[in-house]
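Across the two complexes that follow, chain A remains constant while its partner is chain B and subsequently chain C.
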Partner chain A sequence: MERQKRLFCYLMVAPAVIFTFVLGLLPMITSLGWSFLEYDLIRVQQTGTPFVGLENYKEVLSDGRFVRSITNTFLMTGLVIAFAISLGLVLAHVMHSNYRGRAIVRVLICAPWFVPPVVAAAIWMWLLNTDRSPINALLMDMGLIDSNIRFLTDSSTWGPFSVPLLSVTAVRAWNGLPFIVIFILAGLQSIPRDLYEAADVDGGNLWHKFRYVTLPLLKPVLGVLIMLLLITGIGHFEINYIMTGGGPQDLTNVMAVYSYLQAFNFFRFDLASAAGGVILVLTGIICALYIRGQLKNRDDR
Partner chain B sequence: MATISLRNVRKKYGGFLAVPDLSLEVQHGEFVILVGPSGCGKSTLLRMLAGLESVTGGEIAIDGEVVNDRMPRQRDIAMVFQSYALYPHMTVAQNMGFSLKLDGRSKAEIAERVQEAAEILALDKLLDRKPAQLSGGQRQRVAMGRSIVRDPKVFLFDEPLSNLDAKLRVQMRAEIKSLHNRLKTTIVYVTHDQVEAMTMADRIVVMNAGQIEQVGTPLELYDRPRSRFVAEFLGSPAMNMLPGTLGGEGGATALRMEDGTTVPIPGVGIEAPAGREVVMGVRPENLSLARGGEGVEAVIDVVEPTGSHTLLIGRIGPHAVTCEIAGRVPVASGSRVRLAADPAALHFFDGESGARIEVRPLVAAE
Partner chain C sequence: MTLTSAEPLRATSRRGGFARSPAADRLTRFAVIAVTVLALIYILLPVYWMVKSSFQTSFDIRAQPPHWIPREITFQAYKDMGYIIPIWRYILNSIYVSAAAALLATLIGASAAYVLARFRFPLMTLFLVMILATQLIPPITRAFPIYSAIQAAGLLNSYTGIIIAYAGFSLPFSVMLLRGYFMNNCPPDLEEAALVDGCTYFSAFWRIILPISLPGLAAVTIFTFLNAWNDFLWASLLLSQGEMKTVQVGIGDFSAEGGGGRYINLVMAACVTATIPALIMFLFVQRWLVSGLTAGSVK
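On to the complex of A and B.
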């Protein structure tokens, strides 16, 4: 009886475990292995795949393009988080409050979610493409600009910032926004209404209520959200790759795109794996912090 | 200290008229308790006073100033919520000082006033705790402390004791009352518990379906309830109600129930037309065991000794009746006894409207 029950449990989780192992764990371990080998697809027939220790890591970390992609990764992830969470807080309040037509607003706010990142990237590429950009046309018609903004190709920079970097960041934030809004909305709905009434009686205005009730009580939710966004942001690939392929001049190059290009443009699977290894380590550190924070939170309660 | 005036206050939720038309005056320093069954509009009324609900019609004035359009923070009131509504991320001291902080007071002043209030409520050792680390009674006290610190014109209490266990409730009742004696601030207090109302209030407002049934001191209401509703609501165990038709010659001398049981009206009867449908009410403590053939026969189903009193629960004819007798009585369950009542302690209510019928005892014929 007990054995049957246990067998059934294993059977039920088996598909998930197999998927995770075959599609997640196995490639991860394989590529981690490759990162310690010399694995140049062009020369592999002559040299084979000898063990080279940390050579690949030394090489990518001394590659200016990779270092640049690390900065870009963190910069873009940070901007996405800051922008999407601030906007998410506003929109979550818009979705939370009660008024006519709220259902329509809710659907509109969630709309970007129905668009897969690949499609979102394609749509925004068209919207931002210099030659026939509707956004440029609109700005021109409104008299806000004199010449087209080269959203995805302008290579002038201010420090680490550039127009393409901000454009891609904006698209990433837009695409991730609904998830964030839903997350925050769930947090808002868990705050008891009488706390706001108590704040009303205590003499709080709208800002006070946000600052002293909403924000502190959303802190756990925001903490989880920021961690999740950090983890997914560091490994982010598709929107950057599709919209700019990392260009122009590596201004929007991020670690995952660098790794991809090493593997499939230059056939250096060893360097690509080493770059992947760096992503793994960074993500691992953040995960560890996140889990520690979670455990500490539970102890506090 | 402040007076409160409610003048023809109305409240409508969509198509539902929660409070049709209500007027009430509260004096300086008075402890007024709004009591009634759930849904009677008492909480709505309190929330309108606090400014948490808008007023559909009429006027609410605090200290003579109409406050209908003022935000809660502009009304100088403090409120204790049923759930306490303590800010979970703040310490006890921060909870209590929050209103002063929003008011822009200095840290020193806040600390001093929090300390003062904490001492009154015996919270001074708990100031650094978070609400989650407190017991129910302590949270309740913090919620009160939060109100006291502000020294407001009016305290509003919304069923503050309903989340506490019975023993703590009795203790907090006394604490709130002594707090009122000490601070002399006007208090409006909402509860559905008539014991709280009876024990704490200067004046009780009994509400039913959005309207005031009766206003008065606890004993006025207890002794002369203006309607069957008030009579049944106040007092525990509740007043016995015996519906029937008045009968007799030259006045009413007996009550005839629908199954034919006849209850003689003690004394010599009352001045009322025979044939009138009434409900005769008598409180359990006004019933006693009768000697000999006096009174009316009752079947006792359950005997509940409480130590100081004995409760006899049974039936007169088809109607349930409870009798509370001081001390101990040798009555077994299932036995038949005769119950008598003090004629002065009888209440009569109209059978249809439930309104009190003022009765005079018949003058005994020569």
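On to the complex of A and C.
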């Protein structure tokens, strides 16, 4: 009976495990392997793929464009997390409290959720079009600016910041906001109401309740959320790629876009894999922490 | 020593606690409302701008400064969008590959999720870690070998290739969601009774667990459908030729190549059209969002 049960278990997980291995783990390892080879798609017929050790990593890390893309990746991810979580905390409370018209407000806040990222990029490209942006028109009418802001093409910088970087960051935050709000809302719903009543008895005002009841109890939820956003942020690809392709002058280039362009514009699979390797190591570390936390929680339950 | 009144008690609790101030609350409320109004403008302006632009004439849309409200409303863009992007064909392609991948992923995912939720067996933690890690680590870190493998198998620019790829990428997600669902919604005594009656493990799963889990299975199928529907990276790598593109690649390529220019109203009409199927699917599952998310990750 016991053997039969075990056989049944393995047969049931086998297809899923094989699929995930072949399309997940195996290509990840292969890609990591390629990052130690010379693999130039144009010359591969003549030179083959000799082992070159850490050469690709050296080449990539001494490429100013890649270094720039690392800075941009972390800057944009950090900005998205800080901005969207602060806003998400406010909006989750708005969705959580009771008032007339709450259902409508909930739907409106979630609106960007069903907009596919590609469509989001396309809409915002049009919305941020220098000459025909309603935002420019509005700022102009209010007398705040005297020439149109070039949201996606202005190449002047202040340190690592630039207008295109902030614009693309705003679009990424926009696209991720509903998920963040719902995630925080789920956390809010698990806080027992009597804690707030206790705060009432103590004479706490709304801010105190947020600061001393909500925030400490949300900490684990926010921790998980920040980890998830870090992982997805470090590997983020499509909005940057479609809106600017990394430009102007690499101001919005991120690691995933750099890697993609190395592979499919310059046919350097080795350099692309090395850039991918950097992403893999960075996200792998965060993942390990996250999975350890998840498994520990499961056992505690 | 007979301090029986509540006064001193309240005084201590007040000293140790908070100062009540309705003025502060009013300020907080005002700040929250102000932030919410600004946030709603940020959230809704792009959606409004897309819909508005799709109903404008190609003359009206090029006005500077732009018109906040269209001078005349026309459906012309929806009639003409086919000239720049074969949108209906792309939508059919997207529906086909997303639905096939979602069904495949749910079927394979459900059997794995069931035993991972119900039994303990050697290597189980290893499987779970592998599945979670594949779900989390960004796709770009495995894009090139998969591209090469699909090319080597002769499946580049075929629906089969992308359906297999999508099913594979959605699997971790559906396994994790369904595992949470089976753990929370299916009492083990159900199939224990069946086993006592002489059912095999498999027939208990097939005849009892699957039928009562249909709502969960449907929700997960829709989630995985949406994942595939929204994807750009894989479709742009594996299915980039002519008529076979998915709708996201159709719109993405067009936008990345210069963003429509004078035909932007047609692009916006295409965007609205590409969003509607996602919206319909989304409405089916929105009830599930909160509980589904928490089952998977928070608890």
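Going forward, the second predicted complex is superposed on the first by the 267 of 301 C-alpha atoms of A that agree within 3 Å, B and C clash if a C-alpha of one lies under 4 Å from a C-alpha of the other, contacts with A are read in each partner's own complex, and residues count from 1 in each chain.
Just so it is clear, a residue touches a chain if its C-beta (ideal position, glycine included) is under 8 Å from a C-beta of that chain, and two chains touch if they have at least 3 such contacts.
These figures come from a predicted structure and were not determined experimentally.
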{"item": "Touching partner for A:75 - first (chain B), second (chain C), both, neither", "value": "neither"}
{"item": "Partner chain in contact with A:139 - chain B first, chain C second, else both or neither", "value": "neither"}
{"item": "Which superposed partner A:121 touches (first chain B, second chain C, both, neither)", "value": "second"}
{"item": "Partner chain in contact with A:166 - chain B first, chain C second, else both or neither", "value": "neither"}
{"item": "Touched partner set for A:216, first chain B, second chain C, both or neither", "value": "first"}
{"item": "Dominant contact partner of chain A by residue count, chain C or chain B", "value": "C"}
{"item": "First, second, both or neither for A:194, with chain B first and chain C second", "value": "first"}
{"item": "Touching partner for A:21 - first (chain B), second (chain C), both, neither", "value": "second"}
{"item": "Contacts of A:61 with chain B and chain C, given as first, second, both or neither", "value": "neither"}
{"item": "Footprint overlap on chain A, comparing chain B with chain C", "value": "199, 201-205, 208, 301"}
{"item": "Sites on chain A touched by chain C in the complex", "value": "4-6, 8-10, 12-13, 15-17, 19-28, 30-31, 34, 87, 90-91, 93-94, 105, 108-127, 129, 131-134, 136-137, 140, 170, 174, 177, 182-183, 185-187, 189-190, 199, 201-208, 220-221, 224, 228, 231-232, 234-238, 241-242, 245, 256, 259-260, 263-264, 269, 272-273, 276-277, 279-280, 283-284, 287, 290-291, 294-295, 297, 301"}
{"item": "Complex contact set, residues of chain B against chain A", "value": "50-52, 71-73, 77-79, 81, 83, 85-90, 98-99, 102-103, 132, 146, 150"}
{"item": "Residue ranges of chain C in contact with chain A within the complex", "value": "13-14, 16-22, 24-25, 28-29, 32, 35-36, 39-40, 42-47, 49-50, 53, 61-66, 68, 108-109, 111-112, 114-116, 119, 121-122, 124-125, 127-134, 136-146, 149, 164-165, 167-169, 171-172, 175, 200-202, 205, 229-230, 232-233, 237, 248-249, 251-252, 254-256, 259-260, 264, 267-268, 271, 274-275, 278-279, 281-282, 286, 289-290, 293-294, 297-299"}
{"item": "Residues of chain A that touch chain B when the two form their complex", "value": "192, 194-195, 197-205, 208, 212-213, 216-217, 219, 301"}
